[in-house]
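Supplied in structure tokens, the structure appears directly below.
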Amino acid sequence: MTATTLFNIVPYAVAAWLFFCGLYGIITSKHLVHTVISLAVLQTSTYVLLLAIGFRWQGVAPVFADLSPGVVTVDPVVQALMLTDVVVEATVVALFLAMVVKAHEKAGTLSPDDLKMMRG
Amino acid sequence: MNAKWRLRLFLVAGAVFLFLYLAAAKNLPAWGDYRGPYGDVMSSLSVYERHATDVVNAIDYDYRGFDTLGEEFILFTSIIGVMLLLRDPKPKSGTKDEEGLSKTVKVTATASFGLTLIFGLYMCTHGQLTPGGGFQGGVIIATAFLLIFVAQNMKSFKAITSHPLMEVLEAVGASLYALTGLSALLIGVPFLTNWIPLGTTGDVFSSGTIAIISASVGLEVATGFILLSYTYLEEILSGKGEQ
Amino acid sequence: MKVAAVLLLLLIAVSGFMVVRTRDVTAQILSLSFYGLLLAVMFFMFQAPDVALSQIVVGAVALPLMVMLALARMKHHEKVKAARGKNER
Amino acid sequence: MSPSPALPVAVPMLSAAFLAAFRKWLPRFVVDLLAVVAALFNLVLCVWLLRLSWFKDIVYWFGNWFPRGHMVVGIGFLVDPLGAALAVVAAFLTLLALIYSWGSMESGENHYQPLMLIFLAAMSGFCFTADLFNLFVFFELMSTAAFALCGLKTEEPAPLQGSFNFAITNTVGAFFTLTGLAILYGATGALNMAQMGWLLGTRHDSLVLTACLFLITGFLIKAAIVPFHFWLPDAHSVAPTPVCVLFSGLMVELGLFAVLRITTVIFGSTFSGIPDPLRGCFLVLGALTAVWGGVMCFAEHHLKRVLAFSTISHSGMMLFAMGLGSRMAIAGWLIYVCAHAAIKSGLFFTAGILLHRLRSMSEPILHAKGKPLKFTAALWFLGACGLAGLPPFALAVGEDMVSHSTHGSPEIAATILFLISGIFTAAAVLRVFMRVFCGWGDSGPSDASAQINELPESHEENQVIPFRLFAPAAVCIFSGIALTFLPSLRLLSLKASGRFIDQHGFVASIYALPHVLAGVVDPGPSEVGSMIAHGSIAVICAAILAAWAVFHPRIPRLLRWPSHLEGRMSWARQIQSGQPADYVVWAMMGVAVMGSVFYIMR
């Protein structure tokens, strides 16, 4: 494997690593809020991956307000896919946190080890 | 499974996972060598066809507007979910007032309320032209209202945000998008067709339905985030159970 | 440019790991906010101003704020519960 | 005049927004009425679309963005008979669920109806879409609505835990799917499934294999295939009855539908020259799921968990049919899915009646308390026969078609697996019937999950079962029978499945190219004799197994071993640990094993 091949997969490797980190956080979690934050980290992996896929070294941002038409841009589609995801992520995290808050109020604990209602 | 075994199994599976991921990455186009064609077609079309200079927003609110409708309803659903889980069905009256903050902070925050609000509104209405749009503008508007909470007291924050009108406005934001889509059906073209005259490129009222959709998304996101923060703060604000 | 991009990505990889390694939830809010900001910088660098804007408002501000609000609410609840317990005794 | 395929998505969304806005001012019955009307409207629309799609796929481009040459610029819907049939089932079940919960469901201040309608909108969009990212969006919308609906009864700690496990596992799955999607987008530069499949062609390098694996992982989690299944019993044991109906009746099967659509349209030519690892994985995982689900089903004592594990077992059989993959097998799959939706929903509604009248879901607590409920008992018994695959339930037709779609050892394997799945699930349901409705034997062993406290869904007290509860249960069970008598059911499903698994047909429809549909030979009516033999063997074995469990103290010690299946499977039940961390680890193991198989077979 040459240095160029290695260089070419750097962002993908970082995305894979972030996915791995998120999963690691979830499975070693001792606190439900920590679980939710780990899930948020897991999601950022998809941002890095999507952005890296649509990137061009010579490309500019796809905003033509001060550009003449015809210049080379980076891929606007992946950015469009990410844009909505970023905002939606926050509300979905809010929903998960609401579950955690309510579980804390009803069960009085935040450690997943103590929540064994569903065993068996 | 105890923690030790869980971690061991995970590390084994995780190693395979990383291998699978990197094996795929090896065959992806090299970093910085995006080959198209979807993105390039979009970049070249949207200024001519949609009179929108921000391609990302043209995709989000027009070419792939149906996805954004779905995403907006994900937002709507999670907010219903949060309210369902956390709202006290019988809210207590009485608001605890807090002094705490210094006068300087209060004045600064009140002053920045107006600025932030205007900035948010600007973003919502200029989505088709410059970076920004309903999603970002909406969150900024919501932040402006949270500044009231910091600057003034909880009472005025509550007076503004606890109103049932907030929920109605949120639903209006969500349904305005769907209604814009349906309006196209009435004139005989497919759902979400951008049938309003496109105007001059670079104008605030250009790009037809993109401007309307961006504004409705802004309304939905702003009210949604205000509702979220209010729902979380409600119990603390009312000082329930402390007497 | 290329060196800076690689360094930034490596920094993101490290700080992402730090976020999940931070066991104290209050400290985690700070690291999450910092991590969100780093991502926003990366988005700007990779020519994605739209996404960077939403990442700043959401990832670096709104998301940590949500976690903070949730923690505040849980703390409040615990306080109320403790107060109630005292009264009963 | 033909209806726009956008309407089944837009109308429930709009009604949901309207109901959410005015929920504080509208009287309860208006909210219920509007929700029911919206669901009914959707049902009519979907039936109409099904009829229209019969002769030609309906292709619909949102925003009037037709493809430019080979480049698809917008989002397209493609309505084909199989997808439309599932959309009809979705609307039908939602309608019945809304009727069932009419006036009840007090918790949640009218949040329930908007959430149900959004769930319906997401399911309809999921059945129709031809765009991969759009499929993901509807998947997420469906999941979000499901998480919220699952935690509807917020007064108990158990629902929150169940929905938290559900949410974490499914969201991790969604990110797997999104990663696979991003990789495919990087390779093809397209998001439309037809365009992706056409661009990929027979390419089968590591990129395609990994992308395929990650893409289907999210949907296999939704489909509750072993080892991705752990969330399902947790979610089902806490969700309100009408929500369980939608989960078991269709949401799980839609996971499989998405797997089928992706593997036929995008990866349809990938494995044409090389050994197909997907089929093998489907067959093995399907068989494993069918057996494991059946055994665990028999080991449970919480009524909703019993039914939840039986869904897992049947989901495994559906995956097995997908592994066989022929036109006939997929036709059988379609009938099996529809029949299963009807019968399982009927059983859940019946369980809901028990919960309403007797205020519990635990088998030991309910022992002999169901004696006065004659009609409910009859429905429960019919449901058990249906699960075993006894004619005239349509499940038998589906099983027959799947197992006769091949010859030799796969045919024997399919027949045996259908028997095992039918026997164990029906035995568990019959055991509940004997203990609860007949009062035979002792109250049976109790365990932690049987203790899950369940608050009744309504607070009204009545001595007769209200019509709104009984009617949906009866309608479901009897539509499971009525489906069998649909004229030329086998021919119709063969036509639908042939269109569905035809990759070139899909591409041709998207690009409006001419395409000749492959002809269908009318398979004629099924062999009633073998179906009856098969079904009766399953019912008799199930009854023996159930009776063995119920009367096991009276059985000589030497012959007691089958009853060990009930109650003493502690090692198996410990795997179901109730911790999201474990569930994620199991899912990772599943991904790792499947990935290894993919790479070794290449």
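Annotations for the structure displayed:
First chain written, first letter: the chains are A, B, C and D, and each begins at residue 1.
We take it that a residue touches a chain if its C-beta (ideal position, glycine included) is under 8 Å from a C-beta of that chain, and two chains touch if they have at least 3 such contacts.
As the structure is a computational prediction, the values presented were derived from the model and not from experiment.
The chains in contact with subunit A and with subunit B alike are C, D. A centroid comparison over C-alpha atoms places C as the chain most distant from subunit D.
Looking at which of B-C and B-D shares more C-beta pairs in contact, the answer is the pair B-D. Here the spacing of subunit B and subunit C, counted between their Cα centres, is 18 Å.
Between the Cα centres of subunit B and subunit D there is a gap of 32 Å. Taking each chain's centre as the mean of its C-alpha atoms, subunit C lies 37 Å from subunit D.
Distance between subunit A and subunit D, defined via averaged C-alpha coordinates, is recorded as 29 Å.
Those residues of subunit C in touch with two or more other chains are numbered 48-51, 54, 58, 62, 66, 70, 73, 77.
For subunit D, residues touching at least two other chains, in rising order: 133, 140, 144, 147-148, 151, 154, 160, 179, 183, 185-186, 191, 577, 579, 581, 585, 588.
Residue positions of subunit B touching 2 or more other chains, listed in rising order: 6, 10, 14, 17, 21, 25-26, 28-29, 36, 38-39, 42, 54, 56-57, 64, 67, 71, 74, 78, 81, 85-86, 131, 133, 135-136, 139, 228, 232.
Contact between chains, per the stated criterion, is found for A-B, A-C, A-D, B-C, B-D. By the touch criterion stated above, subunit B contacts subunit C in their complex at residues 54, 56-57, 86, 123, 131-133, 135-136, 139-140, 142-143, 146, 225, 228-229, 232-233, 235-236, 240-242.
On the side of subunit B, the complex with subunit A involves touching residues 3, 6-7, 10, 14, 17-18, 21-22, 25-26, 28-34, 36, 38-40, 42-44, 46-48, 53-57, 59-60, 64, 67-68, 71, 74-75, 78-79, 81-82, 85-86, 129-131, 133, 135-136, 138-139, 202, 221, 224, 228, 231-232.
Interface residues of subunit D facing subunit B in the complex, by the touch rule stated above, are 4, 6, 10, 13-14, 16-18, 20-22, 24, 60-65, 68, 71, 73-75, 108-109, 111, 114-115, 118, 121-122, 125, 131, 133-134, 137-138, 140-141, 144-145, 147-148, 151-152, 154, 160, 179, 183, 185-187, 189-191, 205-207, 209-211, 213-214, 577, 579, 581-582, 585, 588-589, 591-592, 595-596, 599.
Per the touch definition, subunit A reaches subunit D in the complex via residues 15, 19, 22-23, 26-29, 32, 35, 39, 42-43, 45-46, 49-50, 53, 77-78, 81, 88, 92, 95-96, 99-100, 102-103, 106-107, 112-113, 115-120. Chain contact summary for the complex, subunit C toward subunit A: residues 1-2, 6, 9-10, 12-13, 16-17, 19-21, 23, 25, 28, 32, 35, 39, 42-43, 46-51, 54-55, 58-59, 62-63, 66-67, 70-71, 73-74, 77, 81.
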